[in-house]
């Protein structure tokens, strides 16, 4: 059974049709890319899947269960995590806390136990901390654990966002332009990291990206949006030479 | 019926004052996204300014005509109050523009308390009334008592609000104000002198309060606490109308005027606050941004 | 590491002093009164800091919750329990008052799901005004004249105990997953939801806990003064608490302790100035805010207030 099924997803902002009849079937373990010019509706698709907006129309199913109408944290708890196009870390908090916050729903202790700092509380807090530190190790961020997130260099902030997303223990990871603002060397390392994470955490990934070489390099399947419509989908090779894609990117008359 | 008309007149009179003060709250909020809690006390100071100017002019054996004294009182009170407001903005709020938004609000609370208690300490708590600068003539129209003061208050309020509305809609300054409230980040790029526009906003908002203050002083008693008492109602007016929206503040002012007068007319006066705030909550449930406020836009992610 | 043993020792010593000094008349009644007000203000300030500082909302109606606690506990000690039981049921009475206030906090939490910032501030403001207005209109509890007949059940030791409970309950809570959830709402509510924080649950917790302690403070206050009336719980009282929170610094318990103590004691010291004290006080506040917009502590916490786990583990992290 597909992990994620999106059927006829449509969303309007006032009169603006941001996403039109978007469909996607995602098998476990796949890595799919979504590309398209600015304002095509890519980020909106993520916002709809994660429950930030409620779609005007359409269905979103995870393991066959409906997600539409759930609050975002409930969707996250079902196993969907994401990063943001413009970094949205908890800026004034420590790097460690940024990751620990994402463990929110893994704690089982009650608020009362929190007041009293009971034995159980301490044990669970210790586990949370260890898990968070383990993630920071993976992303090579441990030495910044006590630093405020806003003081990290840009590339580290991007990685911290991924670490924070993984702390929610997702099965499906949505990455919104993770390579934005990076230089070619960093992009190369990011691509390797994404592929490694996918294997290590057994992730299914949807990747929004502007940088063609990233998507072309690691995605198995690509879906192209323009003005909210899906104008092409297929293997990277097929997309590269698709006339409607060239038209959307380069303007009419070129293709 | 006569009773209703009479109360309606009273409500319009009080509503005019609320509307004039509400304008200052709304204009500053529109431009700085800051609730200027000192504004009610600035209104209070303006009433006292009017009191002193009028007393001085009358005491001066110049035998100026009443109309001249009234106009001079109004203009000087507006001028003095604007100076005060601009000074406060420069000294107390401007250094905090980059600080957390709340710091400025707390500072404004402090400034308000300072103005109130300074007045209390220097002038004293006893209620005063503006010396007579308007001849009081009572008309009786079909059993409804209308005084020259009432007519004057309604007419002057309407006039200055019309002038303000025109300034904001028609002049370059007004456009700049609206541009800043729309998006503060791009405005300096467009060559708009933000600091100056902010000062003008404070000056305009506080002169409206000063008009309200002098008119209030003609009709009612003044005391140092009225800044809080009247200020809150005016603030709620601004919220009811949709804070940040100038016409909304005017509408809100009259609505609150009606609420206050009619609650007092039919219920014990202790219910006044209860009814006003319950109405406010109800309104916010159905129209979370007030009557003319901008709709809540979905936050962009 | 040795901080583990001296902290309880000092706190216990202070407890002894809070009993002995008044007992042997070393602290005169006036000083006792000032100390009790300092303590009550610390409770109010820390509890408001949870919502306004840690969660980053702008609640301006804290006195409303305080009023509920004050009235409920006073009605209980005067009408329900025999006077001679007073000292024994006092803790229970305070807690019931706190629970009443917490219930009101629950109600105020609901609008916070949808509204934020200035509009939520207005909702809390309206709440404060409505509470005061309702109290003024219930003749049975004295209406605008107020309610009296309470014995002086509050003493320095009780206040001290409740201050400690407040400090450590809220400290413990803040350093838990729930507390971190509260912080994440301040930082970025949408991102918080998207990394699994149940923001509604978190907001309810914050409002309920905050108003519970405000209610406790109200109960203590009523039994110091032995007389309450609706005018003690106006928006001006709420403003006082706001000032203490931002003076001390948001998101810091030590800040609240300092803010409340300095503000309360300063106003006491200025008493000889008469009316001018209310001129000098606000002026100092403005000067302080302009020069230190983030308050005295500004998001930092005193070391002795950090839980041992955090401090030890921090050392482990950096090594």
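Brief remarks on what is shown
Letters are used for the chains, namely A, B and C, taken in the order the chains are written, and counting of residues starts over at 1 for each.
Here is the rule we go by: a residue touches a chain if its C-beta (ideal position, glycine included) is under 8 Å from a C-beta of that chain, and two chains touch if they have at least 3 such contacts.
Note that the coordinates shown come from a computational prediction; the quantities given were computed from them, not determined experimentally.
Ranked by distance of CA centroids from subunit B, the top chain is A.
Every chain gets a centre from its CA atoms, and the centre nearest the mean of all protein CA atoms is that of C.
Inter-chain centre distance (subunit A to subunit B, centres taken as mean C-alpha positions): 49 Å. For the pair subunit A and subunit C, the distance between C-alpha centroids works out to 41 Å.
Separating the CA-averaged centres of subunit B and subunit C is a span of 34 Å. Annotation for subunit A: residues 52, 84, 88 touch two or more other chains. Shown for subunit B are the residues in touch with two or more other chains, namely 301. Touching of two or more other chains is recorded for residues 190 of subunit C. Here subunit C touches subunit B in the complex through residues 52, 58, 111, 114-115, 118-119, 121-123, 125-126, 129-130, 132-134, 136-137, 143-144, 190, 235-236, 239, 242-243, 246, 250, 274-276, 278-279, 281-283, 285-286, 289-290, 293-294, going by the rule given at the top.
Partner subunit C is touched in their complex by these residues of subunit B: 29, 33, 35, 91-92, 95-96, 99-100, 102-103, 105-107, 109-114, 116-118, 120-121, 228, 232, 236, 239, 243, 268, 270-274, 276-278, 280-281, 284-285, 288-289, 299, 301. Interface of subunit A with subunit C (complex): residues 50-52, 71-73, 76-77, 81-82, 84, 88-93, 96-97, 100-105, 107, 109, 111, 114-117, 121-122, 125-126, 128-129, 133, 142, 145-146, 164-165, 167-168.
Put simply, subunit C touches subunit A in their complex at residues 169, 172-173, 176-181, 183-184, 187-188, 190-200, 205, 299, 307, 309, 313-314, 317-318.
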